[in-house]
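Two complexes come next, and they have one chain in common, chain A, joined by chain B in the first and chain C in the second.
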Partner chain A sequence: MLKCSLDKIQNLFAEISKSAKLYLPVDGKDGGASYGEWSEGVEWSGALNTTKSPKDFFFPQTEDLMAFKTAGKSIEIIDTRSESEDFVVFGVRACDAKSFDILDRVFLSEPQDSFYAMKRKHGIIVTAACTKPSETCFCQTFGIDPASPAGDISTWKTADALYLQANTEKGTALLEKLGAILEECSDDAVNAQKEKTAAIMQKLPLKDLNTDDFGGGKTQELFNNPAWDELSQSCLGCGTCTFVCPTCQCYDIKDFNTGNGVIRYRCWDSCMYSEFTRMAHGNNRLTQKERFRQRFMHKLVYYPENNDGLFSCVGCGRCLAKCPISMNIVKVMKKIGGNKGE
Partner chain B sequence: MNNANETLIPKIGVITDVRIDTPDIKTFRVVTTDGKKAFDHKPGQCAMLSIPGVGEAMFSITSSPTNTEYMEFSIKKCGCVTEWLHQAEAGQQITIRGPYGNPFPVDDVFAGKNLLFIAGGVGLAPLRSVINYCRHYRDRYGDIDIVYGSRSKADLLDYKEIIEEWSADAGVRVHLTIDNAQPDWDGHVGFVPNYVKELGFDTNKTAILCGPPIMIKFTLEGLIGLGFDKTQVYTTLELRMKCGVGKCGRCNVGAKYVCKDGPVFRCDELEELPNEY
Partner chain C sequence: MQKITREQLIEKASELLANGTVSCVLGWGAGEFGYDVTPTVFKTAEEMKTGFVFSDFCGANFSKYLVAKTQKTEGKILVFLKPCDTYSFNQLLTEHRFDREKVYAVGIPCEGMADISKIKAICGEGISSITAEGDTFIVTTLYDDEPIAIEASAVLAERCVNCKSKKHVAYDELMGEDGDVLDSGRFDEVARLEAMTPDERFAFWQNELSRCIRCNACRDACPACTCEKCVFDNPKSGVENKSPANSFEEKLFHIIRAFHVAGRCTDCGECSRVCPQNIPLHLLNRKFIKDINEFYGDYQAGAEVGSRAPLVNYTTADLEPGEVFNREG
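After this line comes the complex of A and B, so read on.
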């Protein structure tokens, strides 16, 4: 275990940013935190988590795929990809760190998505343990321990120091560069913090929420549950849940005519939108109920069926906080799963 | 960039021939800029075609893999991309990527079987690939029956090829039907599902169904009525697609992605999927 005194944390950030761009949660004017690039004087937000998840770093909200030049009947494809440089995403919470595993299984399975793979290769994840999980947190439902976050490097912040531990080769290489600022220490302080956080976890309102009624192979059992009607009734189809979700990965591919050629880009899409499945010969999900059900069935049944039981939710609680009609995956799990965890 | 094999980045294709098949279906012949086939495929697989600035869409490859010179796509005019393609002339470049999806099991399950192809409208497009493959390797298969129906005689796709080539093959029987009687038609009149029941096929066959969802539904019911088991019937699904490789989420039904787990499904496999396709 290594540590850095908190009064030297700006020195730590400065040292990291010498070798790679450093992004960390910073407080915004609206009260929410978001990832921003570090430069001298930029303070690490004390917020529990960022409003949007860090999936943007690997799967950006919009991303150019290629460009075209057309002349008469001819087309030229222009490769717009560039090798990305190393970057560090600092302060990632345990839930969001787990979301990268879930996205990896989609984008890194064959045939690999080279746009995503390139960014994963160059991105170094530095996580930060939670000390004050909130009442919307339910990462433990999915087996995530917020006091022991994964990532290339795990960190724990106490009143006077930041404790760091490398978990991967990438993480070890980065810590070696920071040697002068860090000092060896025992893990007593970290262990004490883990115990404290574990005690808080036992008091969280969603601590008993479980996944027993979900998982692969439950399609027939859950698909026709009459509760989908009631649950989806007031869904506005705004898609906010999918945009703040760290594991939602559906995308659209679109062409933009610049007036001087065409850029083909991809952007986040949402299964909550009526256009999502609309095609020339019809739409296989005509009602909001069907679209709503698709989102939750995918996270709780279809994804685990294809991924060794891994659920496509990390319990970050963003959808609980942001849904304009206060509908969310917790309510769905309680209702569809037989009102457990009340 | 060394990672040139990114699946979302297409090749340039050239339309070398446009054949007008029906009032709303044209067949496009496509090769790469050096005059070759863009890639190899198996019967039933699909390709993503696009026109930059208009859009990209998935189409079944209607030519047989045994055609080593070019690919063909029979495309019905029904949306943005298809409207644009219908205005294209020979020499027009497009983009092409693929092949995508699971093919029909022509080399194992179908081998040695009597085959019953049933198509409605432009649903013949994906089946033409399989039919011509099976005709090419004629001795690998038993008897072949082809039931094909469309709105009118003019709407029958590949009519010339059906009459001049398919009907002339030994052991191949073609049964054509149109929805309404018309003066220059002395063949069968009526919908495909009813015609299948009237023809009353023996169940010693593997059936391959493709057409509008409503035709598939009633034809499947008809086949079950004749004693067929769902494990003997194959069909294809078509949902909106963007990536073609099971990542963009659009064609997800249950735990399947139609673009990579389909488009070919055995009818009993469909029963395990939620009914939203």
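After this line comes the complex of A and C, so read on.
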């Protein structure tokens, strides 16, 4: 275990940013935190979570894929990919760190998504343990321990120091570069913090929510449950839940007419939208109930069915906090699963 | 704190369900944490007893739901309307968006709704309970040994701080006392923006709108946005997009939306309430309202059914486009 005293944290950030661009959660003037690039004087937000998840670093909301330029009768095809440089995403919570495993299975399985793969290769993830989870947190439902976050490097912040531990080669290499700012220390302070957090986890209101009634093979049983009508009755179909979600992975590919060519790009899509997976015959999910059901069936049944039982929700609570009508995956699990979580 | 209670509302609804006036009730459904309320249709008094809530977190405006719900429901729907909701209700009727005969509207008084993010800014995350006592919220959290007392006035939602009216402009029946149209400070912030130089104002909006994730919550919650197919969802429109692809796109969406609702927006505040990125969308709409008031005389959308809004009306006294163009701000 290594540590850096908190009064030197700006030096630590400065040192990291010598070798790679450093991004970390920063406070906005309205109270919401978002990832921003570190430069001298930029403070690390104390917020539990950012409004938008860090998936943007690897799977941005919009991304150019290629371009076409026409001149007379010829078409030039332009590769818009650029070799990216190493970058560090600092302060990632355990739930969001787990979301990268979920995205990896989609984008890194064959045929690999080279845009995503490139960014994953160059991104170094430094996580930060949680000490004060919110009432909306239910990462433990999915087996995630917020006091022991994954990532290339894990960190724990106490009243006076930041403790760091490398988990991967990439992480070790980064810590080696930081040299003198860090000092060796025992695990005691971190262990004490882990114990304290474990006790808090037992007090969270959603602590007993479990996934027993969900998983692969449950399609027939859950698809026609009459409760979908009631659950979806007020859904606005806005897609906020999918856009703030760290594990939502759907995108649309579009062409933008530049006048003398085309830019082909992709952007996040949402199964809550009427245009989602529209085909020649129209949309195959005609009502909001069907779209709403897709979101939760995907997270709780279809994805685990195709991915060895791994659920595609990490319990970050963003959709609980941001849905305009306060309808969300927890309410769905309690109702559909008959699992009261009590 | 609300003066009308959950029990009074359940009693009223039970009576109207029992005597056959209505077949169902559009009300607020209880959530997990006391503040996460979901618009819900209740069919029986029993359902209401278990799932209905009324509290300082019942800000959602039900008027827009009537467009879809009246088409699906047999008989009349009972809807509870706060004063600001009644303006949206009238505006939707003016636009012939739902059948008035299928609704039984009960006006309820409102003391202003709380904004949970303002509460969290004071007490932090980890709320285990919130109770209202007089004009104070008592909040217990996982991290504080003692309950925290928060003045309700300090955590009022923005739209309620600047509430334009406590008067109900539409109802079949009123519970409690009706209030008055208020002299609110809702244009103060607009005036502050008008006083900026064009460059400063551009920078202000550029910065605010740069956070937009184009989730469409503002549009989808807006009672003035009831088009069955929004231009932004229609691939044939040429402007359809699912993301703010660049800063031009970002602004295009909001400028078009603001123009589409100009003269029809009642300033109900739903857009700003639902925005996950806390973008002050109400300021765009209030700028239009302020301009309309100044150019054509005071006009409040939804104040009455069937009024001809200045922008779709013509009088010989209308100002010339040049007068607008030459005006500062």
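In this section, the second predicted complex is superposed on the first by the 335 of 342 C-alpha atoms of A that agree within 3 Å, B and C clash if a C-alpha of one lies under 4 Å from a C-alpha of the other, contacts with A are read in each partner's own complex, and residues count from 1 in each chain.
Just so it is clear, contacts are C-beta pairs under 8 Å (C-beta built on N, C-alpha and C of every residue); 3 or more make two chains touch, one makes a residue touch a chain.
Source: prediction; values computed, not measured.
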Quick check on the superposition: with chain A as the shared anchor, is it clash or fit for chain B versus chain C? fit
Between chain B (first) and chain C (second), which does A:M327 come into contact with in this model arrangement: first, second, both, or neither? second
Answer with first, second, both or neither: which of chain B and chain C does A:D86 touch in the superposed model? neither
Using the superposed model, give me the angle at chain A's CA centre between the CA centres of chain B and chain C, as a multiple of 10 °. 90
According to the stated criteria, A:Q294 is in contact with first (chain B), second (chain C), both, or neither; which is it? first
Is A:D213 contacted by the first partner chain B, the second partner chain C, both or neither? neither
Could you say whether A:D187 touches chain B, chain C, both of them, or neither, answering first, second, both or neither? neither
Check the residue A:D145 against both partner chains and state whether it touches chain B (first), chain C (second), both, or neither. neither
Tell me which partner A:D252 touches in the superposition: chain B (first), chain C (second), both or neither. both
Check the residue A:V244 against both partner chains and state whether it touches chain B (first), chain C (second), both, or neither. second
By the touch definition at the top of the document, which applies to A:R264: first (chain B), second (chain C), both, or neither? first
On the combined arrangement from the superposition, state the nearest Cα-Cα distance between chain B and chain C in Å. 9
Going through chain A, the residues touched by chain B and also by chain C turn out to be 252, 254, 269, 278
Chain A partner contacts - residues on chain B that touch it in the complex: 1, 3-10, 12, 50, 52-56, 78-79, 82, 89, 91-95, 212, 238-240, 242-243, 245, 247-250, 252-255, 272-274, 276-277
Complex contacts: residues of chain A adjacent to chain C: 28, 30-32, 34, 48, 51-52, 61-62, 132-136, 200, 203-206, 230, 233-234, 236-240, 243-244, 252, 254, 256, 265, 267-270, 273-275, 278, 320, 322, 324-327, 330-331
Tell me, which parts of chain A touch chain B in their complex? 65-66, 68, 70, 73-77, 79, 81-83, 106-107, 111, 113-115, 117-118, 216, 219-220, 223, 249-255, 257, 262, 264, 266, 269, 271, 276-281, 284-285, 290, 294, 297-298, 301-302, 305-306
Could you pull out which chain C residues touch chain A in their complex? 31-33, 36-41, 60, 65, 117, 121, 124-128, 142-143, 211, 213-217, 219-221, 229, 233, 235, 240-245, 273-274, 276-278
